[in-house]
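Next, two complexes with chain A in common: one pairs it with chain B, the other with chain C.
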Partner chain A sequence: MSRRILVLMLLFSATLIVSFTATIILNPATPSELKELAKYYVLNTINETASPEAVTAIVWDYRGLDTIYETLVLYLAIVGGLAIFKMSEEALLKTRIGLTLLTKTSTKIIALLITSIAAAIAFHGHLSPGGGFPGGSAVAVASMIIIPVFAAGTLIEKGISSTKLVAIRGAALTALGLVALLPVVRGLEIVTNQKFYPASILGLPISGSLSLYNLLESLAVASGFTAVALYLSIPEEAYKGGSSA
Partner chain B sequence: MIASILLLIIASLLSLFFVYMAVTEKDLLKAVAYSAGQSITYSILLQAMSTPDIVMTYVAVSVGLYSALLVFVISKTERFER
Partner chain C sequence: MMKYIVVGLIVFIVYVSFAGSTSPYTLATATIISVILSALTAKYLVVNERKLMEPWRLLILIYYFFKYMTIIEFKAHMDVVKRTFTMEIKPGIVKVPVNAKSRYARSLIMGSITNTPGTVVVDEKDDYFYVNWIYVSSPDPLEAKKAISEEFENFAIKIFD
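Now for the complex of A and B:
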């Protein structure tokens, strides 16, 4: 074991020295100016989409239809995953004992911190790096540490069932589809942004439909992953009794 | 310039180390931890190449969700590989 690590360390330091000296001697030239495509996005994004964040603008505006299909693919994947698990909330109610008080308190603090950072990522997605998917998956991380610590049964007792979560996901995705489809009513293209939606409301920059998409996508992703985690936390013993039904 | 090159080389070598440890480890929980370490080095690499949008998604999915999912799955099977 220790000899293996020693050999690895030797190999790594040799690679480090060789690659570092090679980079210094060969000195690869960094490109001094942007390509034409990059120039287009840097110069026109703020005027065409009212968003200073080029990545979000490309994801939800220039290539908006691609992202909506991607969201649909993830939706189908989660629906397929949920279809495999047997729905029985009585089995989950048996697992009501969580971890110790110390763990529960620290988890509450950490989950609050993660959720507030996730909200910042999701709701600032049209102004700074981030967006709906990273924000939603950060919320899902918070719920994934909450579920084992507080036990799934406690959550279901409090009214957070996976049926409700899937319903939230469906509602968020329907709203997302409506945001994409609404411009068609006025004869515009599907997923039109600036010709239909306002750039700011009451002086608050919302970049048209970009912030709406980010908000709804984060809701959908967070509730979908939380529902999957709830089902995964069903213990094996819960399946054994109810196979005859 | 030199500092960023050093950071890139060290992070990529560390990721290789974590991948090796994850593949050869018999304790599956430890292997998940090594895999999370590999993801952290990858996110350092992505940040060094100035792609903050990808870093946010990558950290949340590969360090958080993926590891948590694997721990859930391991809890349904055996912890040690035979």
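Now for the complex of A and C:
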């Protein structure tokens, strides 16, 4: 056995032993009481936002305005990237080979399963951990495996382009802004939830605006990240031989 | 029509089991999502709808799954375990012919070869697989096929071809 591996193993076991003994000797106390702030959220979230999931309630209701601006920042970053990369679809159309048959066939199935799970994450965001951003990111995982496996050119041929995806993202964000703005019409504050939106529709719990935000945010994140992945897959040759200043 | 139902059903089952609830809200959203996803993806996933109407294919697949995961995997693992102790290895890449036509059948054969220890499919070209093998007992394509993929192929043809 080489000396390097031996040293690494010794270091690893020493770290394990030290952390175990430290945990036993120091015995860090787990808090037995909730802090005032936590208590407030535990007791009031369900009444004030009609959502049992406090994290989503904080993100889209208590500090909703903050989250909406955050979404805008990511949108601008993606549009900026698109401007810098000067998406030329001709360059991408040349990449059309992709990986082997086994990878292609299994990716088709896996992408479908990932998208189903992503939808479950996004639609249950106001009921259980999850929400628009994690759901949309999970969809982006599906598209990020599809792009290298089938080659970006194949996607462009099927009519999926960065420009279209950014347009979808723009539409989703506009709708999201409208959901935030609509309560103003009735003289309420911006990003109002329960005073304006119903807690349930036909007996199905939707927690007012929370599920709408989650749905639109997942659409925006999924299309945004797919657009990024698409323009990052422009082959290097497309830039080589260009006019260098 | 059948392909949309089958793909939608798979999405529905995955969605509901991941959500881990059978509340009316989950079932309602699951229905919406499975309709949308199957409408969008079924044409890419299913080529020959007629095969979905033949339930014995599914039964053979289930039988193959259990046989593969237990007997075939066990034998392959024991073989490699023996070789790690005796170091009796003669690695090399062999050419293996395939007769299966459909892409699902071929993928199943490739996956089955790769998932058993000792053999890995490294490429596929013109009805041949190129398999990296831990102990090349014969470089002859037909002999190699007998040792590596014949059983997988018989099942794959019954299930998908």
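Definition applied: the second predicted complex is superposed on the first by the 236 of 245 C-alpha atoms of A that agree within 3 Å, B and C clash if a C-alpha of one lies under 4 Å from a C-alpha of the other, contacts with A are read in each partner's own complex, and residues count from 1 in each chain.
Following the convention adopted for this analysis, a residue touches a chain if its C-beta (ideal position, glycine included) is under 8 Å from a C-beta of that chain, and two chains touch if they have at least 3 such contacts.
Being a predicted model, the structure only gives us computed values, none of them experimental.
Trainee: Can A:Ile78 be said to touch chain B (first), chain C (second), both, or neither?
Mentor: Touch partners of A:Ile78: none, neither chain B nor chain C.
Trainee: Tell me which partner A:Val149 touches in the superposition: chain B (first), chain C (second), both or neither.
Mentor: Neither partner.
Trainee: Looking at the overlay, what does A:Pro134 touch: chain B (first), chain C (second), both, or neither?
Mentor: first
Trainee: According to the stated criteria, A:Ala229 is in contact with first (chain B), second (chain C), both, or neither; which is it?
Mentor: first
Trainee: Classify the contacts of A:Leu165 with the two partner chains as first (chain B alone), second (chain C alone), both, or neither.
Mentor: neither
Trainee: Do chain B and chain C land on any of the same chain A residues, and which?
Mentor: Residues 121, which sit in both footprints.
Trainee: Over in the complex, which chain A residues touch chain C? Could you list them?
Mentor: Touching chain C: residues 100-102, 104-106, 108-109, 112-113, 115-117, 119-121, 123-124, 127-128, 203-206 of chain A.
Trainee: Can you check the complex and tell me which residues of chain C touch chain A?
Mentor: Going through chain C, the ones touching chain A are 7, 10-11, 14-15, 18-19, 24-26, 28-30, 33-34, 37, 41, 44-45, 103-104, 106-107, 110-111, 114, 121, 123-124.
Trainee: Enumerate the contact residues on chain B facing chain A in the complex.
Mentor: Interface residues on the chain B side: 2, 5-6, 9-10, 13, 16-17, 20, 52-53, 56-57, 60-61, 64-65, 68-69, 72-73, 76.
Trainee: Okay, in this complex, where on chain A does chain B touch?
Mentor: 8, 12, 15-16, 19-20, 23-24, 55-56, 121, 129-131, 133-134, 137-138, 140-141, 144-145, 225, 229, 232-233, 236
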